[in-house]
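Each of the two complexes below includes chain A, the first together with chain B, the second together with chain C.
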Partner chain A sequence: MSINVVRKDKEVNISISGRFDFSMNNEFRKILSAPSEVGEQFSIDMGAVEDLDSSALGMLLLLREKAGGDTANIKIQKCREDIIEMLKMANFQTMFDIS
Partner chain B sequence: MSENSEHSGESMLGTRRIGRPHLMLYLSISIYTTIIVGLWQFDQTLLMMVSALSLGWVAAYYIYRGLVGSTPVTDKKTGISISESIAEQNKSYALVARKIDDENVAIVDEVNRISNMVSEATTELAQSFNTMNEQAGQQKELMNAILNGQDNIDERSESISMSDFIDDTSSMMNYFIETIVNTSKESVRLVYKLDDLCDKVVSIETLLKDLKFISDQTNLLALNASIEAARAGEHGRGFAVVADEVRNLSMSSGNFSNQIHNVVAEAVVGIKEAREVIDSIASRDMRFVIDAKAKNTNLSEQICEIQNEAEKNMHAVSDIAGNIDQSVGEAIRLLQFGDIATQLAMHVAERSNNISQVSNELSTAIESSESIMAEGDDAELIEVINSIRQVCESSIEHIDNIKCSPVSQDKMEAGDIDLF
Partner chain C sequence: MKVLIAEDSALSRSVLSSILEKHDFTVIESVDGKDAVEKYIESDPDIILMDLMMPIMNGYDATKKIKELAGEKFIPIIVLTSMTETDALVKSIEYGADDYLNKPYNADAINAKILALSRIKELHDTLNSNKQKLEQLNEQAASELLVAEHIYDSVLEKGERNLPQVRQYMRPVTNFNGDILMTAYTPSGGFNVMLGDFTGHGLSAAIGAIPAAEIFYRMTCKGFSIGDIAVELNDKLKIVLPLNVFCAASLIEVDQERTTISVWNGSNPDVVITDNKGNLINRIASSHTALGIVSPAKFDRKVDMFSLDGDEHVYMCSDGLLDVRNSESIKFGMSRYIDLFSEDTGNDVGLNNIVDSLFSFAEGGEINDDISLIEIKIDKDIDTWHADNSKGAENKRLESEWVLSLSFDAAALREVNPVPLLLNFVNGINVIHGHKERIYTTLSEFFTNSLEHGLLELESSLKIDATGFQEYFSKKESRLANLQEGSIVINLSQKMLDAGWHIIIEVIDSGKGFVHNDKLVSLDDNVGFSGRGIPLVKKICESVEYNNAGNAVKAIYSLNTQL
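Right after this comes the complex of A and B.
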């Protein structure tokens, strides 16, 4: 259960492991409260995520709002099949680049 | 008929008394006598030859009479004369004619029964086929009503098809999920606000510490001021009162900041509790929603499949009902064989009646010949035989004149039936 953020110019690489839920709230807030830059690109590695709940989805939506809403450029990568199912069920495939 | 003519020829030979051969014999004897008398005048030798020849002719005639006989011909084995056997035969004919008549009555009766039975059976078959046809039609209508759906339901209320229901369920499920996710998002946002608020409240505490430091310093200063006022004696008495008041104020200020500190601490606790509540609101397990949605999708697919299958089957049933309709129509058309059979039966009866009529005519002719036979006159006998022959010929003509069968069909294949 950890979150790791690496910034490189306008690219922000976030890698999450374990259960993605409200306990990551504080860590995630740091990303959200960091100053926004125009054209920022977020890439979230969820390869090690075992499970997620609705607060995780809420946090991802807040990140999308921060990154510009409909113009946001966020990739969610390396998801497990069941995680992809859950994201699709919440219609996230229309808002994020899921793979 | 040919047999009959043979019999009449035989009777001619066996029963005559005076006929043409007798006349011919007397005529030839007269001619010979005339020739002999003529020749007597010319030549005796020639006379002798002609006399011998004449005697030869007479001898030949008697030899012939001896062979053929002028007496009635008899059966060599039984000794019954041909005229008697013909009489016997005529009796047999009369018997056969009566039998034919009896049989004919039976045939006509049975044919009429067949005709009636076929007619009744045909009528009942036609009725039951018609009933079957009506029921098949009703079945088809019902099937069409089911297939064309919900026309009746539409009139009463808004139609809810299964697929609409599934779509509604699916969209409700999506709305539910969306609501959960949005609630979580706003909850997380709210938690962040609460965190901010908590930070602000905590910063009030810092400020309170500064305030406490100031009031402590003020208290210390007031204490120093009252010490200095005591040293000044009588002159410092008024200052001492002021210093005491300042000290009281600083102490009040300290108490007040303590109270604020307590309230702030309580507020922090409250905020933390609220945060926990919001945390629980934000954190919803999404697995059960996935399962529910998966089940819903699966159920929807199954229902659609069942519905499609049912629709297909109902179409098939409707088609079968149509085929039954067609088959029953065909069967009713084929039932016209009943009419044909009835007509054939009537024709059979008519033919049978004709046979009976012919038989009656023959037996009448034979019976009328019996008295003449008893008298034994050859010429009258020949007349009777001829009249019987005429009856036979007219009978043949009568039978030939019977109209040919009115029904030419001998198969019941569709399209072969003509209506009469």
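Right after this comes the complex of A and C.
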């Protein structure tokens, strides 16, 4: 499992692989504690995510808050079918742009 | 740094001492093994140079003894050997020595070795003190977890409150479960069940469980619907819990006649309704965000409602159940769960069988999350009119005639749900529990009819099937939100009639009149989906009468009614 972060101007691309769970907490914290810029755009590539748990959902919520809460527009991309199902069970399609 | 020398030859001792003192070490001398052990205890040196062949106690035994005394503390021991004594060297290492020095002594070699070993000792000491700190923290965390567990158990009364028709299988991963199950009767004899699954295990669950239990039990016994309860839980948990901690929850509400079920599912796996043979009738997928995430303004309280025959089973589970993996690391998953309820498999469903299927699937695999599975048996024949008469230990009842009157205008009806208020009203009558339920049911039945049919002019014929039922409730919501005019008056009185005390319940609305006496038949039929209806009230009360316009109803309830 790993997290990769690439910043390009105001675009922050995060790619995650393996199991997205509490073991990613430290890495994710680094992203969250990085200084915020106005108009930052986050997108998360979940193509290599095999599984996620509720602490992963919690981390996504924290990222959303950092990106502006209800005004945030975070893209969660390339999800496998079962991952999409899990995100939908949590009703996350109402808070994130999931594909 | 203090160096202890154990050497029986006075000459060797003084050579070593002078070398060491030149390098600014503090030297303690001992003359044999026994003396070395005593000096070690006395002076707590940082490092020991040990000759092997000594009288009284040799260097091997002294080394062993000192290492035993040191326990977890690292005290480096360097044995002093000559080049030829390889057997002795091996033996001394076996007895616990850490390194060796060859005779004759070389000042630089001695200094270098002492420095190297003292560096290792430092590392060892740091590790050791970190380990102790960790152990302390661990102990502290464990004892705090015990406190959390205690709070959690006492708040939830760990299952003691659970209704007899609810069975549960719960398997906690940590020493206590992050899942909570709460069940309680509503004042009219229906019941509410909530299965919650907090993020993480232990402490966060305990923190959330306190307000959640308080809200669930308080609001259920006041007659609030699960939609109201979900709103309140969400508001409270949003405030109490950190942003990344929340509570996936499914709530169900079954009415007193066991003819309808309402479901609110926020991020839990599908709630399953089966017939009495265990075949799937309905599955209600999550359509809401978990509790404690969204702001009150964005919270969606909408429930799904279904009719019941009064002979079903309802299953609820937490996602830990779906996350169980088999030896090939494949998840149990939703579709396998749902398949358990399919007609084709011919399985006997039931709590135990589901758990068995799960474990035979998981054999050799891993189970990480908390697992909860709840089975609720709906049985209209044995289960209705639950009345906790034991609690009715009566205060002195007001043995006189009285009248109470309540009036709600459009604004009040828009803003508040007065049904729970009615319960306070009824509680004020101070009669035993079984009567209260019946009076409350009559009152809320009349009130619901006056509001929905009288003021909001909803057609109850809409409710004949499930889609109509949904439509009915969405119409009700929108019309109520736009209600500008109208009022409902409730009169409640106690009178002596035919030598017995009676409660007279009267509800009058300002509507056009939704029912005339000749149409009462149609209302009588209106039980299928509303689940309540006038027939029930007629069974409860001595008499039920509508006025000609159909906007006022009066029921007489005898306090001599057999419970």
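Please note the rule applied: the second predicted complex is superposed on the first by the 99 of 99 C-alpha atoms of A that agree within 3 Å, B and C clash if a C-alpha of one lies under 4 Å from a C-alpha of the other, contacts with A are read in each partner's own complex, and residues count from 1 in each chain.
Operating definition for what follows: a residue touches a chain if its C-beta (ideal position, glycine included) is under 8 Å from a C-beta of that chain, and two chains touch if they have at least 3 such contacts.
These figures come from a predicted structure and were not determined experimentally.
**Q** After the match on chain A, would you call chain B and chain C a fit or a clash?
**A** With chain A aligned, chain B runs into chain C, so clash.
**Q** Taking the superposition as given, does A:29 touch the first partner, chain B, the second, chain C, both, or neither?
**A** First partner only.
**Q** Once the shared chain is lined up, is A:11 touching chain B (first), chain C (second), both, or neither of them?
**A** Once the two structures are laid over each other on A, A:11 reaches no partner at all.
**Q** Which holds for A:61: it touches chain B only (first), chain C only (second), both, or neither?
**A** both
**Q** In the superposed arrangement, does A:52 touch chain B (first), chain C (second), both or neither?
**A** A:52: touches chain B, not chain C.
**Q** Which holds for A:37: it touches chain B only (first), chain C only (second), both, or neither?
**A** After superposing on A, A:37 lies clear of both chain B and chain C.
**Q** If you stack the two complexes on chain A, which partner ends up touching A:94: first (chain B), second (chain C), both, or neither?
**A** Touch partner of A:94: chain C, not chain B.
**Q** Could you look at A:85 and tell me whether it touches chain B, chain C, both or neither (first, second, both, neither)?
**A** both
**Q** Report for A:70: first if it touches chain B alone, second if chain C alone, otherwise both or neither.
**A** The second partner, chain C, only.
**Q** Any idea which of 23-31, 149-157, 275-283 or 383-391 of chain C is the one running into chain B?
**A** After superposing on chain A, the clashing stretch of chain C is 275-283.
**Q** Once the two structures are fitted together, what part of chain A is touched by chain B and by chain C alike?
**A** Chain A residues touching both partners: 22, 51, 53-55, 57-59, 61-62, 82, 85, 89-91.
**Q** Which residues of chain C touch chain A in their complex?
**A** Listed in rising order, the residues are 197, 199-200, 243-246, 248, 266-269, 285-290, 293-295, 298, 319, 323, 331, 333-334, 369.
**Q** Within the complex, which stretch of chain A touches chain B?
**A** Per the touch definition, chain A meets chain B at residues 21-22, 25, 29, 32, 51-55, 57-59, 61-62, 82, 85-86, 89-91.
**Q** What part of chain B is in contact with chain A in the complex they form?
**A** 174, 177-178, 180-189, 191-192, 195, 279, 282-287, 289-290, 293
**Q** Once bound in the complex, which stretches of chain A touch chain C?
**A** Counting only chain A, the residues touching chain C are 22, 51, 53-55, 57-59, 61-62, 65, 70, 82, 85, 88-92, 94-95.
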